[in-house]
Every structure is written in structure tokens, then in C-alpha cells.
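One chain, chain A, links the two complexes that follow: it is found with chain B in the first and with chain C in the second.
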Partner chain A sequence: MRFRAKMIDIGCFNHFTRVVNTISKLTKTCTLRLTTDKLYFILSDKVANGGVSMWCELSQGNFFDEFQLEGVSTEHNEIYMDLAAENLFRALKTAHNAKSLKIKLTNKHCPCITLAVELPSLSRVSRVVTHDIPVGVIPKKLWNDFKEPSVPDFDVSIYLPPLKTMKNVVERMKNLSNFLVLEANLNGEMNLKIETDLVSVTTHFKDLGNPSWGDNGSQDSTQDRDPETMMDVKVDIRKLLQFLACQQVNPSKVICNIVNKRIVHFILLHEDVSLQYFIPAHA
Partner chain B sequence: MPLSTQLEAGEEQYVLIASLDNARNLSNILKAIQFKDHATFLATSNGIKVTVEDSKCLQANAFIQAEIFQEFSIQEDSVMFRVNLAVLLDCLTIFGGSAVPGVTTALKMCYNGYGYPLTLILEEGGVVTVCKINTQEPEETLDFDFCSTNVINKVILQSDSLREAFSELDMTSEVLQITMSPDKPYFRLSTFGNSGSAHCDYPKDSDMMEVFQCTQTQTNRYKMSLLKPSTKALSLSCKVSIRTDSRGFLSLQYMVRNDDGQICFIEYFCCPDEEVGEQEQ
Partner chain C sequence: MRCVVATSNVKVLGKAVHSLSRIGDELYFEPLSSGLALRCVNSSRSAYGCFLFTPLFFQHYDSGAPPGGLEDSSFRCKMGMKSVQTVFKSLSSLDKTVEKCEIDLNPGGNRLVFQLHCKYGITKTHNLSFQESESLQPVFQKDGYANVLRAQPRLLADTVVHFPPSLEEVNVTVSGERVQFRNHLEDEQDASKMMLTEMSLDADEFESFQVREETGITFCLKELRGLLSFAESSGLPLSMYFDQPGRPVVFGLDDPVLEVNFVLATLSDEETTTHRERNRSRPPQADTSHDDFLSDDMDSYMIAMETSAVGGAEAQPCSTGSDQRRAREPVSAACSSGSKQQRGLESESEEEEEEELPGTPPQKRFRSLFFGSVLSPYSQGANQTLRNQEVLAEASDSDPEEQEEETAKK
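Presenting the complex of A and B:
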């Protein structure tokens, strides 16, 4: 297995750093999947995560000027590895004014992703800062655990309100309750509700817009339904807040798909990076 | 959608309705007395008084007059209930704690009477939040029996100077000693902490001293832990009046200007510390 890549554009460093920062806010460890075209940051839904899962996908061509990959075999030209996104983020932060960034898979006592950051210097010779981030290479027999999730057969699809507003409200609600009910309908309306012995709070959002999915099986079944009917999911507030707080910049649109009482699925598209996040209903 | 249309059907049932264009005019003042979880609300045609007490030695009251509200209607002579203040503040600041310039949260507060929850309707940027907070049996609030006829000593200071003094107080001292006298040192704050005694004096003709009416030398000590929460009220205020009566009870009255320049008052009453050893001068 071999992997080496090089980035030279400052805009790309910053963009890539922002993506990794977002991932590190969502999960401590995740799986990085490398293919010749794309990078994926994956979190599969284990009990340890509270059943939450994540799929983030970016085209390597948007970031790297050079990208060479030799996967586990010619037939399966991919590499899967576990890493702590926070470690990668900390290393990338040092590259914000770098001349170039080289990333490669190495073996130093253990497999590592090695970042070589070439920093500007007054002398002829550049300074290079090297970071070794330990990773766990995942054998092919386990790759099935990291399959791309399919868009669920949702009951309602709706655009989220501005993330900052939603995050402020959910942050306050977190002081009052551990669980929140997120409900929405086909009329662009969404409510966030908490209820405890002490207090009940409901926040109403309107005119959010419902994305059209074209010829989608889910859409057919919803056509007969009254657009006012609310579909809902009860979720752990901290998981929802983690998702709302992960973005540092406001993305253009976030789509929220709800499977009644089962799962909520968020799709965030920003600057050619797509991020999907699933939160299951609380049992 | 204007808040008023939401409750049109049931408005006759409410014993108290109070509305504010800017919820911060209520939340800021309540934060200044939030040192315990529970508060007692007393509403009369004059407005709302919110009381928080600690160990029967300290009482803080925030007064929000009826004129502060854009709408204030009460159907009974007085309405009283007890509510979890931390929960109330989380609801009042549901759209975020920090003030964003140009953005205000409108508030409508409704109470249906004994046994009913306190309903808050908040609106910001077209988003509406409805909160129903369970109320509890109101408990008798202490009457410190502090009346102006028994006041021995009184000073009114500009809060700026007192803020400085309070921020420099030696917090390792268990008590704050206040000396007020027609003679030197006039007005003195003293502490007795790990590093020794410290005194902060204000001369009676200081610029900061707006009123100085001391008739008798009095030295009283108050538990530092009881007075510490009052610094929140101090930081919000522009002026503070400090009075002691014949029993050594302390009354601190803070004049607070809200976002719209209107005046509200916060008052702290504190009992003197009984476990006084030899008083140090």
C-alpha cells in the first residue's frame, strides 16, 4: 500500500483544515477511506456512538495537486484507516501559511499518516515541520462495516432554519432536558420541543421550504398525505447540538429528512464537500 | 404573526399579562439576583417584584415597575407564585444569551392563577418559542422590617467606585466589615483575610459620594459569602445606596438603567454576622 499527496494552494489548506475541524467536532475517531478520486471520513453506527453515523465525502482533485494511491490490491484500489480527526486538525493548523503540504502513509513503529509542512523561511532552505499521526489500517474483510448509507425512505424532507438560530435554541434547551423532539411537515414548518416535569418549550420555525427529490419512491407515498401532518423523531439533545455546532461557517442549505419515530438524516453541502449525519430515535 | 393573536381566545382567563418589546429588560435584572434556584414573583398593579432568599439572612428583590412593560394587565389585587429561576432565565434567553445589535426578543408573559404554569411567548426574527414553566406554592418571604425611620446611616455612591473596591476585596476574609460614621473614617470597608486586614476608605466629600447622611458611628460585619452575589447587581447599576439601621441590618439599593434607559431597582437586605469576636478598628 502506498499513498502520497501534495497540496500547494493556501485556499485548499484552509478549506481542508475547516473540513477536518468539522469532522473532529462530530467524532473523536473516524475511518478515513482513500480512493483514487475521493476522500471519505466515515463514522459507522455503533452502540458506542449512540447509534449516530456520519459520511463525509470530498473530491481529492479539489484539494490536491498531486495524488498517488496504491490500495490493498489492484482490484480494490483503496485504503481504509482509523484516525483521530483532532490530531489531523492540529497538524493541519500549522499549515495555514505553508508553502506546501505533503501527506503520505508511512510506517514508523506503527502505520502513520505523515504530514510534512514546508514553512516559509528567510533563508534559502525551507523549514519543514513533520507530524506523524498514528493510524490503524483496516483490513479488507472489515470494509463492509463502512458502506455508504443510502438515503432513508423518509416521510418528510425539509430545509433547516439558519444553523446559528437553531443552535442557540438547542443550546438553551440542553440546559432543560436531555431529549428533544424534532418534527416537521411538508408545509415548510418545523418545531423543536422539549418536555420535562419542570417545563415544556416549543420553538416554531416557518417558511423553511421542502426540497423536491424528483422521482423518488418516498415522494409518491407522501403525496396523499396532508401537508400539515407532522412527522417527528425524539433524539438525544447533545447529539443534535454536536451536529449544529460542527460548522464554523453557515452552509448554503442543510436538508433534514425524517423517518417518523425512527431516524433523522441531515445532508449538508458546502463548497463541494458533502456531509451526511444520522441520528437515530431515542429508544 | 403578532404575539397578541396567539392567545386571543384565552386571554380573558389570565390573571396576569405582561409584555416587553425587549426581553432583556427583564432577563438582565433577574440575572443580577440569580444566586439561588427559586424565586418568588409578586405582581400588583405597580408592577412585579421578584424575591430570592438565602439562609434567612439575605434577601434580594428586583423591582420592575408596570411602566417598564409595553403591556401590563392584572386581574387581581396581587398575584404570587414561586418558580425555578434558572429555568425561567434559560427560557427568557432561548434565542441566545449574548445581545446582537439591532436584534431584540419580544416577550409576552401570561399567568392563569394558582396551579397553572407560567407561560412565556418569545419571538425573534419571525421565530416563536412558547414555554410553560411549572409554578410552585409561593412561600412567605422574609420581612426584614427595614424602614427609613430606623435608618441610622446612609450613603449614596456612584457604582463605578464601589465596583473597583469590591473587585479588590480580599475574598479569603469571611466577613466584610462596614464602618459608617459622621467622623473619620466616614465610610470604610474592611476585610480580615489570610494576608491580614485591609481597609478601603471613602471620604465624605469625595466626588463619588452623592449623599452622606451619617448620624452615628456604626461598625457591622456581614458574611462575605452572603454579600458576594450583590456584585452582579453592582455591575449593572449606576448608583448604590447603602443604609444601616439600629439593629445593624444592611440595605443595599441599586439603581439600574435598562437597554431603553428606564430605571429599575434591585435591593439587598442582609443581617449582620452574629459570630463577631473582638471588633477590629
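Presenting the complex of A and C:
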């Protein structure tokens, strides 16, 4: 297995750093899947994560100038590995004015992702910073754990209000309750509700807009329903807050799909990077 | 004893105090005839910092030393670092609001008075209690060092930024043309979990690069950061004096009105080489532009994974069986060169030597105490056994005051 890639554009560094920063805020360790044309940051829905799962996909062509991959075998030309996103972010963070960035899969004292950053210097010889991030290579027989999640058969699909506003509201609510009910309808209305013994608080958002998904099964079933009907899901408030706080730059749009009482699915699209985040309903 | 500091220098004084606060909890205050010395040492005696402000720094300076007397100063004391920091609390507003700072001993002789004369007729007076103390004098000679590097502090600050703020120890290795900074791993830390960072700088980036001995030293970065932030704001070139591991490294700033010295202990030789060989499988001079895939071959590793039980990995035949710690770590495949095996065996014997060092405290193994014979015993036992000077600090059951009197008589 071999992997090497090179990035030289500052805009690409910054963008990639932002993506990795977002990932590092959502989870401590995640799985990095490399294919010849894409990179995936995956968090599978294990009990240890509280059932949340994440799927983030980017096209390597938009970031790297050189990208060479030799996977596990010729039919399975991919590599899966576990890594701590925070380490990757820390290594990238100080490379913002780098001349070039090389990423390689290496085997030093253990398998590592090595980043070699070439920085401008006062002399004719550039400064080189190398970071060796230990990774755990995942054997092929476990790859099934990391399949792409399918878009669930949702009952409502709606655009979220500006993340910053939503985050501020949920942050205050976190002090009052551990669980929050997120409900929305096909009329562009969304409510965030918490309820305790002493108090219940609801924040209402309207005119949010509902994305159209074209012709598919879920759309048919929802068309029969009254657009005013609210579909809701009760989630762990900290998981929701973690998602709302992860994004640094305001994304174009965030789509929220709700399967009544089961799961909420967020899709975040920003400059050709797509991030999906699933939070299951609290039992 | 009386000193008066004018406007812009008050901020410098405040920065010096904050910089020393990164080292320890007590500030030693000693007005000498050559200037005011502010010093600090850490609890394990492995780091020392000193700011010497010459009389030129002050608007008015009177050390209080009797003229023509044999004593260099009349008064020396130590104070709680936090109390002094409170005097110089918000650095950014210091130069905007403070016009003058006066430091005097009060008439009763039991309080050191810091008086800040600020704008709009406001005067802030801090009466700090202190303890009389002996002089804190480390033993070091800047002239005696084989290697001296001098650079703008910006260079070192730019290097240090790549290392995590929590990083304790850094290893600096120097050769004729380059210097390398690496994070240093303690024995107990698992190399397969830690991110390793390495940065190399070319000799050309330094104002002066004098290397007479190619060597590597390991010291604690945390205590140095305080000096780096002061140095950056002062714009003065920072000099670094060092040679063999075990000998303390000295960082200095020089200016007509101010002399700063930070002395940090370094890890002694056996410990440095053991760590380095265990944790790095490539030589320090590795060129990252050598995109040699042979050394990146993962296939043998993958094969081992498939055939072994889930979660386990069998040791590759070339990893030295004698190096017990390495066998417990995940497999490191393809030890391609025989020289690596040799080094592995060497490190094993050095490990044994290390274990025999009596009374080595588990965390810090620095050769710490390099101070002259005028200290009173503050630290109980930490690193006492590694001193190669006479042990003056008695066990904790003896009366510290009696000790001071005895040493003062010497």
C-alpha cells in the first residue's frame, strides 16, 4: 500500500485545514478512506459514539496537485485507516503560509501519515517541518463497517436556519435540559423544544424553505400529508450542539431530514465538500 | 533601597515578571550595585531565569548598598510571584496609563512597596510582604560553551509554534549546517500514539551559527516560552549556548540596559540516546525529498495483519527480541538495515544502566542542580541524587531558618 500527495495552493491548504478542523470538532478519531479520486472522513454508528455517524466526502482533485495511491490490492484500490483528526488539524494549522505540503503514508515506528511542510525561510534553504501522525490501518475484512449511509426515508426535509443563530439558541437550552426535540414541517417551519419539570422552552423558526428531492418514494408519501404536520425527533442536545458548532465558515445551505421519532440527518454542502451527520433519536 | 521606573520601561518590567512566572512561584528580588536582579527558579531546580536591569534602565536607582562596603547589596528577598504579577496585571494598559513606578522598602522595613503613579492623579500602591533570602546564584559560564547560536527571537518563536503547547520536552540536534528541533518522548509515552513533529532550520537563518561540537540536547520547552515571548517583544537577538547533553543550556538576551539569562537543565547522555533510537527509525539527516517508496512499503505489515488474530500482530523477525518494550508496541515492519539492529542492542544495555540510577524520580531525570553553595533547602529530595555538587539541602526535618543562618555565615 502506498500513498503520496502534494498540495501547493494556499487556497487549497486553507480549505483543507477548515475541513479537517470541522471533522476534529465532531469526533476525536475517525476513519480516513482514500480512493484514487476521493477522500472520505467516516465515523461509523457504533454505540461508543452514541450512535451518531458522519460521512464527509471530498474530491482529491480539488485540493491536491499530485495524488498517487496504491491500495490494498488492484481490485480494491483503496486504503482505510483510523486517525485522530485533531493531530491532522494541528499539523495543518501552522502550514498556512507554506510553500508546499506533502502527505505520505509511511511506516516508521508504526504506520503513520507523514506531513512534510515546506515553509518560507530567511535563507535560500526552506524550513521543513515534518509531522508523523500515527494511524491504524484497517484490514479489508472490516471495510463493511464503513459503508456509505443511504439517505433515509425521511418524512420532512427542510433547510436549517443560520447555524450561528441556531447554535446560540441550543447553547442556552443545553443548560436547562439534556434532550431537545427538533420538529419541522413541509411549510418551512421548525421548532426547537425542551421540557423539564419546571420549565419548557420553544424557539420557532419560519420561512426556512423545503428542498425538493425530485421524484422519489419519500416525496410521494409526504405529498399526501398535510404540510402543516410536524415531524419530530428527540435528540441528545450535546450531539446536536457539537454539529452546530463544528462549522467555521458559514456553509451554503444545511439540509435537515427528519424521520419521525427515529433519526435526524443533516447534509452540509460547502464548496464541493459534502458532510452528512446522523443523530439517532433518544430511546 | 529605592528605584524609579519611567513610563515605557514599566511595561518591560511587567513583561519580565510575567516571563519569570512561567518558571516558578517565587520571585527573588535583589538590588545590586550593578543593577536590579529579578530571578526565579523552578521547584525541581532544573530551570532558572534572571533579569538584570542596569541602573541605566531606571529614572532613579539606589540599591541601598553601603558605599565602599564589601557587600554588594543591602537587601535581598523573595516574594510570591502571584503578588508581583498583580502589580503588573494588565500589560496592555500599563504603558497607556502608568507614568511612573516606584519601588521602595517601607519605613518599617517589612514591606516592599510598589507604587504606580498613573494618569488622572491616580496612584496605586501595593505593599508586598517578602521573605529575606539568600542570593540565588547559578553556576554557569557562557564563555565555556562549544556551541553558540544567535538569532532573532522570531525564528525560535516560529519554530516552537509547530509544537503543541502542551509539549514538555524538546530535543535540539545540531550539525555543521542545520539545527533540528523534535519533540521528545518520555519512556512511558507510547510512540505509536503520539504525533511526532520535527523541524529543521538552516544555519543561514541565524545571525551567528557557531557549532564546534555536533550534539543534541533535550530540555523543557515550557519554561523557555516565557523568555521567547519577552524576547519577541523586545526585538533583541536571542543567543543559545550549549554543548553536551547533561550540561545546562543557557539562553541570553543582551542589551545596554538589560541582561537576561535563562538556564535550563538538559537530559543527560544515556537517556537522550536511548529515547532517540527507540523512537526514530530514520537518521536525523533524512531528506524528505527522497521519495523512495521502498522505505514506505506497507505490504509486509499488511500480510502480518491478515494472518494474525484480530487486534494482535506478530513481531517481525528482525525486531530485536531483547528490546522488550518495542515488542509490545505495534509491529514496525521492514527493519531494512542491519545497523538498526545494532543500535537496538546498544540501547538495551543503556536501558539497564538507566534503571540502576538510584533514586531517580519517575518524571524528571534532568541533571538539575547546578547552583552554587548558597541556597536554602526549598525542594525536598527532588533530583538531589543527580547532583554532582555537595548536597547542602538537608532532609525535611531540619529547621530551614537554621540552615539559612549557617549558610549565611559561610
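Everything that follows uses one rule, which is that the second predicted complex is superposed on the first by the 283 of 283 C-alpha atoms of A that agree within 3 Å, B and C clash if a C-alpha of one lies under 4 Å from a C-alpha of the other, contacts with A are read in each partner's own complex, and residues count from 1 in each chain.
Note that contacts are C-beta pairs under 8 Å (C-beta built on N, C-alpha and C of every residue); 3 or more make two chains touch, one makes a residue touch a chain.
All values reported here derive from a predicted model rather than from experimental measurement.
After alignment on the shared chain A, the placement of chain B and chain C results in a side-by-side fit free of clashes. Remark: in the superposition on chain A the angle formed at chain A by the CA centres of chain B and chain C amounts to 70 degrees, rounded in steps of 10. When the shared chain is aligned, no partner comes close enough to touch A:Met230: not chain B, not chain C. Of the two partner chains, chain C is the only one that A:Val128 touches; chain B does not reach it. Between chain B and chain C, it is C that contacts the larger number of residues in chain A. By the touch criterion defined above, A:Val169 lies against chain B but remains apart from chain C after alignment on the C-alpha atoms of chain A.
When the two structures are aligned on the shared chain, A:Pro161 is found in touch with chain B, with no touch to chain C. When both complexes are overlaid on chain A, the residue A:Phe205 reaches chain B alone and has no touch with chain C.
When the two structures are aligned on their common chain, the gap between the nearest CA atoms of chain B and chain C comes to 5 Å.
Across the two superposed structures, the residue set of chain A contacted by chain B and also by chain C is empty. Those residues of chain A whose C-beta lies close enough to touch chain C in the complex are 1-2, 4, 72, 84, 87, 90-91, 94, 102, 104-111, 116, 121-125, 127-134, 137, 139. Interface residues of chain B facing chain A in the complex, by the touch rule stated above, are 84, 86-87, 90-91, 93-96, 125-134. The touching residues of chain A, when paired with chain B in their complex, are 161, 165, 168-169, 171-173, 175-176, 197-207. Across the complex, chain C meets chain A through its residues 155, 158-159, 161-162, 164, 191-205, 278-282, 288, 291, 293, 295-299, 301-302, 305-306, 329-334.
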